[in-house]
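Let me begin by presenting the structure, written as structure tokens, before commenting on it.
Note that the chains take the letters A, B, C, D and E in the order they are written out, and that residue 1 is the start of every chain.
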């Protein structure tokens, strides 16, 4: 049988994978994708917990999260474009004008 | 009471934001339009509305609560907003910012901030957080010609998104134990249940989310870069507004909802607070860019504010409110002056740009000094009362070590505030580029900020009373 | 092992593997594709959780809209692979540290969450019907969560304005 | 009335110091003299009043000076027999020296002249406060005040470095003594609860004599430390010879007649107290004797006329302390009194010589002045005989009194040394006379003071060989009997060749009066053995006793002597034929010693100067040692002054202050900076670093929660 | 209202000056500004004298008391009062401020307006320190003092002024900010017994603290004060601050600000924490004695006049602290008196150094020599001030030092003996300096044509010297009004420590029976 714990653990693993992406990838877009993975991992928790508690709130929250994800993606990608215009690269390590 | 009343201030601000957008849409290229005036009207309206709502404890939709606590923060935010608007009128054009978008986003940001402090639902807090964050991200990148702006915005954005994922995960765990994201439900759940793993995870992750927004160590690293890269007026705005809103929600969630778990989170926040105070002050010592320096200063101030939360008593809560006000006024004043002296070509944000300011602009130099002294916690300014209040809250709870770290770090921070003063008063002007003229309204705004700073420093009784009233609802 | 369990493990495996693929790929295009796969798997899981509406929105909004946006940007910028123009600031060790931290987080989460007593999903059909009902969801969105919904509208407005103002070329 | 005594000279000081520089010399000098004479008159009146009183004392409380808790010090003045002697000496001899100075200092500019007299008046005022003070703090005002004036007057020619140095040295060495004095006062107050002399005496009288180191012994030792400073005793005598840098009348007044005797006076003033501390008395006697001998030996070989006199002063002060130490307070004061006459005379005479020779002070450049300066010569000779102790001049009686007391109280060794010193005294004094006034002139002209460099080489030679001694030739000692005098008492004044002027009238007057004094002053204390009645001793007696009750304000009050500490001294003196026999013998011995001394001097420095040179050569190490004053200055320099100065500069200031303490302070700052620059490196600018930091925070927090 | 008036008149004057100066740096208004500021300071001086004339010397309590609610939530009130100790410090402040304005008359030319503003504002803050009876209020004034002084040093100072100013403010802040924590802690400790927190000094005097708290609070208070004093080894900010400060600043710094430290010890540290005071006073006394000797020795070898005077302050203030630490009436009266003396004589010394510096733009001793020949009058007042500083009997310094030594001797003769060495050393360094500056021949050409005292300089020096002598001759005028207050503070120090110790025993962990208490108390009884 599949328990809530399974989903929670899965969610945790996905979340951790998402975080890893932030460090492993040297491409701004992939980093954004990693954050999407994290958000989705959370969504899994919401849906599973909603199912467990028998409430639709979990699902509704996922919709809001999706909205947020979309909004973030829009702004994030716009920023990526802006950065790319300035530097013609997507490597995060290229943007170290501001430091120390 | 389920009325719309509680949302009125927020709605007013949103409306003025939309009005600003529309105004921009109808603006002829090259035409000057007093969009700042629209914002001002909205903010004053919101402030007035907040005053009318005082003591009504209105609740709307079960998720927005205009209790005195949120109204106090509303007022702080309105002050921040009004000052920002006033300064913006001078700055926006000079800084080459698109006015319509700038004002609209600023006002949207303020509405998000107000909502964040007023929301009693974790989901709404999250959404409000996103509204204000996105506004601020965009504002940071608003000057399109600036690489630094884009870089700063992206760093801020990416880390913000990263941290809001953690925050969201925390909400998920809270949802798991409470079955709802309403704060009251969460409070009941944590009060009744033992401190389970889930509750601890929720506490930890929520703390991370807030700590990021208030730029506490080690979640602070975006702060200097974002503050430095953003247009100065935006730095002024976000360094005060975001902090006020985030601390509002932080206090509400941790000192009210999660109060039963305080044995769990106080040690963590205590360490964070100590680290924040130390890093914020120590690293600030060597900065040569004023915005960056003030960024570290704002980190340090976050540490002091965290100390208020760590104290977890009513003095601590009231102290956080008072401190936010004192800090906001002084910080926006200081950064406002930097902004008012800058142009798109010459940011006027290096330390040496301030050399000999008192000779050419004695008034501005004096105002800057007052703000810096307030930030440094010298009597008889607001900053001193704020620090004193925070530390007395900490001492009351026996957090002597933290208080001592706090006061010592504030001495170190004085060092770098004084570096600016040294530049302004004790160094000769070495041919800094011509500084633009500061308009009368901006000057009036600065003077008003100074008067508030002194008022709070000399006669803080009334405001402290308000602050103490404000925390009645989140006991 | 019932179907449900099999479905879970299959989808979970796909999701995890695809996600790993996302972070392992040097080509962002591939990453996006793999992410879509992962989302699809998650949609499958939602179905298993009796949340068909969520599954659908997951596919439509996430895989359909957001990912397309990503794809669009990837193609717009023509950045098919990681640029090595700038040397990594942290170097390989930095990546190792980051990966290690992620591993640690995974371990922590798995350990912490598996420490909870096993909690089984209820099988009350009424409840299941309740949560899979689109109308109930709609009702909840526009009553209980109406304010949040309104807030999202502002959020989207902000992101729209922001995206436009940032991405548009200078006058 | 008592207040008037110091106030008169003080008024003179105020006038001269404020407007004196605009007044002509006649006015300033006259004013100063007038102030002194008036003070003298008042002092005489006060003395008569006091003597008439039943307690032999009158007191005036001017005002409450220091009120602090139980420490209540009035500013009170008191005249008793001891003070009578002192004020008369001070105002009397002081007046003469003022008069003398009007001529001696005549070549100064108006403003400098006024300055000189203002200092001199100020000195007199403080000296009078010192002796009139009815309690320790008031005495201390005068005590330090005279030190100040001494400082100012020694450094009167402030442009001359040696003078300024000497002034400073005098003040600082005196301060070392004052250190003891202050502590002594503190201890006395804590012990007796009062600092009034009378009260201290009466309370001390009620206590048993301390034969171990008790409070009184320590207190008196501390006070004695003060006395060694003021009165130039071992170990603090070193300032006095240097003090000869001041104008000669100053040397006469301050460094011979009055100020340096303050220590003696102080012991006399506290006779009861010292009487209760026999250990201290022994030390006083020992130190006094040792000083007398040592200074006498040094005086034997010095070439600077004033330095010889200075060492003579030190030596005579040693005598006085010997007297005090053996409990013969009256004898000590008696010697103080006679010494004031002849030593002032000697100094003034030497001043006249120097004046005539336009500033020359080196005896090797003198000689044969007998005829050129008759008044000076004769008066000088009288003083020399007096100091040598030849009867019936003043010095004989007082010196004999001391030696008799020393012997009769069992201090035979001290007595022997005293006699030896008497011989030395006679020797070096007559050496001085012979070198200065007899023989042929060894200088052709008033020395050209502006050419020190010409004298340098020979000065070096003289330092090592003894060849020069006595025979003239090498003019200077290595120790800088400075022989390049300040040019002050005037190069203009001396006539170019040969024609030397004797003392001008004002100076002559002072010389003659003092000479008369030197002859007759001793008769107030003729011992009974010689048919006298020793009036002085009986006169002074009340001052050395304790009075149970305080003395009324200007009025006689009941007096009940508690003890008479000097009963031995007073009573045994001259009683019984056996004692008288001893006394005659002792007198004979001391007179014999003096005569021997004169003869030695006559042989070596009048008849056969070559012998002196030979002697010096054959005893070269001793000679060098003496010439260099036992190297005490050098020793102090090497052992105290330089270590302290260098230690302070290198060790304390550069090392500890700048290095360690401030280094630590700045080190904290540097540490903060270093930490800062280290921490800011973490802010690499790479977003992934930032995320790592954030993420590490998350992992730590969650890990902590889950791990617990 | 009397005290409020006295405290705030300078501030109002400062603001007036600011307006009178007009916008920006306007040289043509300089005379107006100067005279206005001087007039304000003189009016203030008259006011302080007026206070003195209305002061009841027989009373031991606080007079002219004003109390008004301020932050009632925390037991903070606006509470002012004056007793025999603070009275004279107030008068001293009133006396020195016009002098420091006068001494800057010609030295300060850049932005006279601001200079006068800061100086007058500083006066308000200092007066506030001396009359506050509420710890919170006191701390506000205490900290507020730093800012004007910082500007005075930093703007109008010499070459290394910025370093000195920053060092000054940071160093003194470190101490005082820890005191802030202790103040808060004390108020809440009071709350734990009395129910409500109170920052009122008079309430807190009786507060009984557990030893663990009392110890730390005492140390925190004391650290703040001894840094300000400054006591060895916390003194290194002082030479830097003095050397770099403009003359007017140095006068105030040495004349008044250092007294804030010793005043704080007397008013706050010792009576608030009597048990701790009894335990630690001997250690402080040892530090004080080290400071006396050390300051003197280091002063001796300084090549710079101002540094020399600065280190001499370390030595003199060591005497003051010693007098306080012995906790008997002579010691404390002597200490208070010595505070006044030091203000007058060191203030005078700084004024003189300022005159030399105005004339020659250097303060190196080696640059001078033979000035007595060039400027006889200056040398004369210089001598008088020097003598006052080395405590010549008949001048002010003697009274103070003697009383302190007497008090110290009563407590511990050994300490007093060592401290008395300072008497010797002060003569050494002061006279040596005096000689090198004034005596000898003029061998530096630049010194040959220096003008003697001007009328303005006479106006500064005559009152200073007159006061120095007056205070030496008639100390009773000052000591008598002081005595009741000193006795009262002594009561607080000793009374609580003996009477309360009995009450305290069950309440707290046994305070480590402090051995020095016995010896001190026993000696006191004698």
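The definition used in the following text is that a residue touches a chain if its C-beta (ideal position, glycine included) is under 8 Å from a C-beta of that chain, and two chains touch if they have at least 3 such contacts.
Model, not experiment: these values are computed from the prediction.
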| item | value |
| --- | --- |
| Shared chain contacts [subunit B and subunit D, defined touch] | A, C, E |
| Starting at subunit D, fewest touch steps before arriving at subunit E | 1 |
| Of all other chains, the one whose Cα centre sits farthest from subunit A | D |
| Most distant chain from subunit C by Cα centroid | D |
| Central chain of the complex, centres being mean CA coordinates | E |
| Chain pair with the greatest number of C-beta contact pairs | A-C |
| Gap in Å, rounded to a whole number, between the CA centres of subunit C and subunit A | 6 |
| Centre-to-centre distance between subunit E and subunit C (centres being mean Cα positions), rounded to whole Å | 69 |
| Chain centre separation in whole Å, for subunit D relative to subunit A (CA means) | 97 |
| Computed distance of Cα centres, subunit D from subunit C, in Å | 102 |
| Sites on subunit A at which at least two other chains make contact | 8, 15, 18-19, 22-23, 31-32, 55, 57-58, 64, 68, 71-72, 75, 79-80, 82, 93, 95-99 |
| Junction residues of subunit C - those touching two or more other chains | 88-89, 94, 97-98, 101-102, 105, 109, 112-113, 115-116, 144-145, 148, 152, 155, 158-159, 162, 166 |
| Junction residues of subunit D - those touching two or more other chains | 680, 683-689, 691-692, 695-696, 698, 702, 706 |
| Chains touching one another, given as label pairs in label order | A-B, A-C, A-D, B-C, B-D, B-E, C-D, D-E |
| Parts of subunit A lying in touch with subunit D, wherever the complex brings them together | 19, 22-23, 31, 92-93, 95-100 |
| Complex contacts: residues of subunit D adjacent to subunit C | 684-686, 688-689, 691-692, 695-696, 698-699, 702-703, 706 |
| Subunit B-touching residues of subunit D, taken from the complex the two chains share | 672-673, 675-677, 679-680, 682-683, 685, 687, 689-691, 693-698, 701-702, 704-706 |
| List of subunit B residues in touch with subunit E within their complex | 358-359, 362-363, 373, 378-380, 384, 388, 391-392, 395-396, 400, 403-404, 407-408, 410-411, 414-415, 418, 421-422, 425-427, 460-461, 464-465, 468 |
| For the subunit E and subunit B complex, residues of the former touching the latter | 23-25, 70-74, 111, 136, 139-141, 143-144, 146-147, 150-151, 154-155, 161-162, 165-166, 169-170, 173-174, 177-178, 180-181, 184-185, 187-188, 216 |
